[in-house]
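Each chain gets a letter, A, B, C, D and E, in the order it is written, and its residues are counted from 1.
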Amino acid sequence: MWPLLRLRNVRHNYNGRTVLDIAELSVSAGTITGLAGPNGSGKSTLLKILSLAARCTSGTVYLRNRPVLPFDPEAHRRISLLPQEAYLLRRTVFDNISYGLKIRGQKNQFRDSVAAALELVGLDPSFAGRFWNQLSGGEAQRVALAARLALKPDCLLLDEPTASVDMESARCIRRAILLARREWGTTLIIASHNQSWLDDLCDTIIYLYNGRILECSLENVLLGPWLQNNRREFYKELADGQFIHVPPPPHPDSSAVIASAVLKLSGAPSGSSRTLTGTVSGIFFDKHFTEPRIHIVCGDHRFVACVPDMNLNGGDLLPGRTVTLSYQPEDISWLEK
Amino acid sequence: AQQKPLMMATTTSTDNTGLLEYLAPLVKQATGIDLKWVATGTGQALKLGENCDADVLMVHAPAAEKAFVEAGFGLNRREFMYNDFIIIGPEGDPAAIKGKDTCTAFKAILDSKAVFVSRGDDSGTHKMELALWKQCAEAVPDKESWYRQAGQEMLATINIAGEQNGYTLTDRGTYITYEANLGGNPPLKILVEGDRKLLNQYSVIEVNPERCPKAQQELARKLGDWLVGKEGQDAVAAFELMNKQLFFPNAAKN
Amino acid sequence: MDFILEGIAKAFVLLLQGDPETYSAVWATVQAASMSMTASLLVGIPLGYLLGYLNFPGKKGVRTVVDTLLSLPTVFIGLIVYAFISNRGPLGEFGLLFTLTGIAIGQTILALPVVIALTATAVESLDRSLRPTLISLGATRMQIFLTSVREARLGILIAAITASARVLTEVGISMMVGGNIKWHTRTITTAIALETNKGEFATGIALGLVLLAIAFVISFSLSFLRRRA
Amino acid sequence: MDFILEGIAKAFVLLLQGDPETYSAVWATVQAASMSMTASLLVGIPLGYLLGYLNFPGKKGVRTVVDTLLSLPTVFIGLIVYAFISNRGPLGEFGLLFTLTGIAIGQTILALPVVIALTATAVESLDRSLRPTLISLGATRMQIFLTSVREARLGILIAAITASARVLTEVGISMMVGGNIKWHTRTITTAIALETNKGEFATGIALGLVLLAIAFVISFSLSFLRRRA
Amino acid sequence: MWPLLRLRNVRHNYNGRTVLDIAELSVSAGTITGLAGPNGSGKSTLLKILSLAARCTSGTVYLRNRPVLPFDPEAHRRISLLPQEAYLLRRTVFDNISYGLKIRGQKNQFRDSVAAALELVGLDPSFAGRFWNQLSGGEAQRVALAARLALKPDCLLLDEPTASVDMESARCIRRAILLARREWGTTLIIASHNQSWLDDLCDTIIYLYNGRILECSLENVLLGPWLQNNRREFYKELADGQFIHVPPPPHPDSSAVIASAVLKLSGAPSGSSRTLTGTVSGIFFDKHFTEPRIHIVCGDHRFVACVPDMNLNGGDLLPGRTVTLSYQPEDISWLEK
């Protein structure tokens, strides 16, 4: 079976500046894919291209191996996007949610669909009669999502669906997403900065950085600039006065990425390894990893490390305890600029 | 100090034919009067006089002029020139009026229901036409479908008649312009002319300074004097459009 | 001054006593304006939408041209239309001269730049996230057009009102192309011009008020489209 | 048809050979229009802003009235202004009749509803979060006005262009209040009317093109304000 | 010393519906106050009223005990708000950030202020030349914040400053907020759904619910409807089939709130207490509590409980372990509708 969506050699420019450059990306039908990355890394641009809402400067989008363009008669109505800044039509909530059904030629009987969509996003049915400008920020965001859910699309792309949404509603949206996949077989691609929400929901997560897909995750990213000491070692000083040492960076401003597996909890430095001391701020369970993960704050910076079960002795790792991390500078990799 | 210009309200025919532009420098030279004019319909020209917005009037609607003077709006109405009206129509002449006298022609048009285009704007020409209908056919055929009331300037009215193959009554000056505009071979030809009834009398009237304190009656009188005087009369006689005399001085009969 | 008061009184008389000449002119005005507004809105709104919506090289130039055409003098349009539909013109055989249809053709030319320029501006002022939102909901190009027009309804409404005001008040075209023929092509504005020329200022004022009454009926009925924007 | 081509040729002759009568009319047109546009923008933009910005009871009624006033016929305005500034009118002593200032007064009345209605619509179409944002940045009421006008510049620009087109092309006011006096108050449009009356259609066309040239200069110079909206 | 800002009997209506009703609220100078609550609870409305960007339907706002109204000449320029949907002027980023300085009559020399403000929100100085519509969602949000920071206001109110902002930048914004208080003495009030970010930053947190200030925190809120069994006990079924029992609700649709201290980790039920079984998903350290806090997932729902240190035996509470919670139904309280 072909992947539902596939990008090849896609590149997108704004005013001549390349903001997206993806050689190859496939999304299989029925999966939930997360999209993570810092501001400006190209998540929204990628979602617009994948949803055929915009055309990439160069490259091809395939839908089940067929190249497709915006307004493709077949694909157009099966893929839906919740843009980051969704526009609400200057009408009632009811009209907003039923709009997509109406333009699909569906006749009347929107009432049930609209009520069902509102319930999915955790809004009271009485909201249907409200006007677009009588909503709070989070309510508007949820109405926009409801308008997409009402369409029961084959493929749904969500750009920051939980921005300015309360925690209870974020859980509600999570349930709606899982329901969409289960009941309608919807394939989902979701960009979000709510890392734990995303981790919890998605089958796979794609990390974007400067318009490129990263091979690793973006757990511990340290921005430049990097200094050099008189032994020609590169380092950066953290806010609490500790130093972190790195291999020679490609550029003094490059960003270093330290995979959580690189940071060991064995306190004593051995050979060429270096150490960092910090305070545990939390321990998590993340379904993408077999081991629990621990957050350690060093000065201003929060590091994520893996906790092999054998390392757990008593309550040593509970929040508030001080621990020592060790790492090999050579294991630190660099992000392309 | 420089003299204030003399404001004249007049009808479009004197302006459109170029008569005033021809006379203004002569007036200036002879009397020192700086002549400015507003060319509108006769009715509006009389209204401007009534509202004291002009010092002197040059119009051609004798009945209305007399009423204007009798109402005390104007003084010293003096006739000083005329031109003549003509009946024009398509070369084919469906009502067969060519060469007939005015009343016969009007009756023929009425009987044949040939298209007749009226100015319909209360101008001097229109008033003349209405008078002729009453005189020759008892009533104005106001609502007849062949009787088209244009409500426009003379030239536009002739154009409408031309487009609709109709007859109309016009002053000779405008017809000469029309003829020239169409390269000397217009679709409408002169069919009736030279009848005594078809005289188009122009006069000059001073605005009454008793009603209008700012009216410059002295200058107005001066202009009138010049127009009825030999110099003015000769100038009028010498004015030509397309090498044809348009206006005929007749101040002598005052 | 008196003629203003007199005119106001006369306006009531004309309207309430059903003066046939006035009603004939009202009817001619309404007929010509309906034809020209229908044509200019049908053509102008899509063109204005495209002008506001698309980005193409030379767009700025096209906008400048449209803006310039806002200043087409009515007599000028009248002359051009006259040249085409006069008996000696290329379209003479259709007999459009001195008809309301002829007037409507000229008025359409007059109204089109207004509709296009104001629609383009209204569409340009739409939120830039409207388009991706509509696409993402599955709207076709035609549906995007229709919905954008509805979202820009305030701006397009005022475009329509401004254009119809321009059409209702123009004299030059009606005079030149229509001929101001009583009972046929005499519109309110040509009647006003005529009455004023005749020195019947009060009647001119009265007819002006009649025109304003028509305009009021139009803007009042359209104002309901303006609710809840 | 011929007179159109002839007119186009003649337009170049008039402009390039510097025909003094034409330049006098151009100058009169520009003077009157500058005065009236200055006045109507200075008064109309603030009023339009308030109308689009404030919410007050009866606002809808005011908008309907403004929309209706878009249909003020020019001859009607001419008559009203004439009534006031005629020698027997209440303002007769100022000697405004048959002057460019008089024309400008009438043209201001003509342009004001256009500026107000279109500015109000432009302001109403602004993003509703502009106002709280400006307040939150510490803007005073006056600064909110100025910034809102700048944010709505596309709409207000087209309001100014539409109003100036209306003013440039009007005949009724210039004719009635100005008197079409050669070398003094003869504007391009009254000159076109006169030439057309005289049957000089080619000259009418030529003068119409001259007017369009002025309009082009205006919209071309204003089009630079349109960059980056 | 008077509180910097004080509200008395403030009530706000939209279309006749009361959305805010606060009898008394004071904010002391130099504090950082958090504002939490679900969508539509009135946070944005409250911030607009506090910042004098809107006028309340009834009631009074005091600035240092002086009643103030919008456009108050003295207060107007000292209080600044970052609205939830901040509008960027249709100009460059530079012009947007310098706008507030310009209207304050400051002459030239914006360059340094703008660069400093951009740095505070973690944006490269090169952004100054970008146009408003050439920014990603999070970049735009940060530019809007920079425009407020550039003013160095006495009082700064932020409505969802971290919505659609990446985690690194959220930390950056946190540093900027702390700097504002330290260097300029700015008083801050911040509404956010990012509970952990808010907890970490604020001195106090105010919880809003349905326009009213809550006495408790909003940790564990359970929405209705509530069912009644044949023993006339009220309960709700969780997604995994467990039941949660509550005292009689004021209304079948009322929301119950269970303070974290009510949920005990002592596994065995005693007397009238009830139990819930769930999986530990994380442990946190939260500066507002002396003890670490634990997140436990039961079915769809995540509960927060306190962990008294004495309860920590070995790694029992590490993420992934199954634990039992017990509670007294009488300790559960109700939110006013």
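General observations
Operating definition for what follows: a residue touches a chain if its C-beta (ideal position, glycine included) is under 8 Å from a C-beta of that chain, and two chains touch if they have at least 3 such contacts.
Quantities reported herein were computed from a predicted structural model and do not represent experimental measurements.
Considering the contact criterion stated above, no chain is in touch with chain A and with chain E alike.
Common neighbours of chain A and chain B, by the contact definition above: C. The minimal number of chain-to-chain contact steps leading from chain D to chain E is 1. Of all chain pairs, the one joined by the greatest number of contacting C-beta pairs is C-D.
The chain with its CA mean position farthest from that of chain A is B. Taking each chain's centre as the mean of its C-alpha atoms, chain A lies 55 Å from chain D.
Chain C has its Cα centroid 36 Å from the Cα centroid of chain B.
The mean-CA centres of chain C and chain D are about 17 angstrom from one another, to the nearest whole unit.
Mean C-alpha position of chain B lies 87 Å from that of chain E. Under the contact definition stated at the top, the residues of chain E that touch 2 or more other chains are 85.
Listed for chain B are residues 156, each touching two or more other chains. Within chain D, residues 88-89, 127, 201, 229 each touch two or more of the remaining chains. Of all possible chain pairings, those that touch are A-C, A-E, B-C, B-D, C-D, D-E. Interface residues of chain D, counted against chain E in their complex, comprise 127, 129-130, 132-133, 135-141, 143, 147, 150-151, 228-229. Interface residues of chain A, counted against chain E in their complex, comprise 14-15, 37-40, 43-44, 84-85, 134-139, 142, 159-160, 163-171, 175, 193, 195, 221, 223, 279-285, 292, 300-302, 307, 312-315, 317-320.
Those residues of chain A whose C-beta lies close enough to touch chain C in the complex are 48, 51-54, 70-71, 76-77, 80-83, 85-87, 89-90, 99-100, 103-104, 131, 147-148, 151.
Residue ranges on chain C touching chain B, taken from their complex, read 86-87, 97-98, 175-176, 179-184, 186, 190-191, 194, 196-201. The touching residues of chain B, when paired with chain C in their complex, are 40-47, 120-123, 143, 148-152, 156, 160, 163-164.
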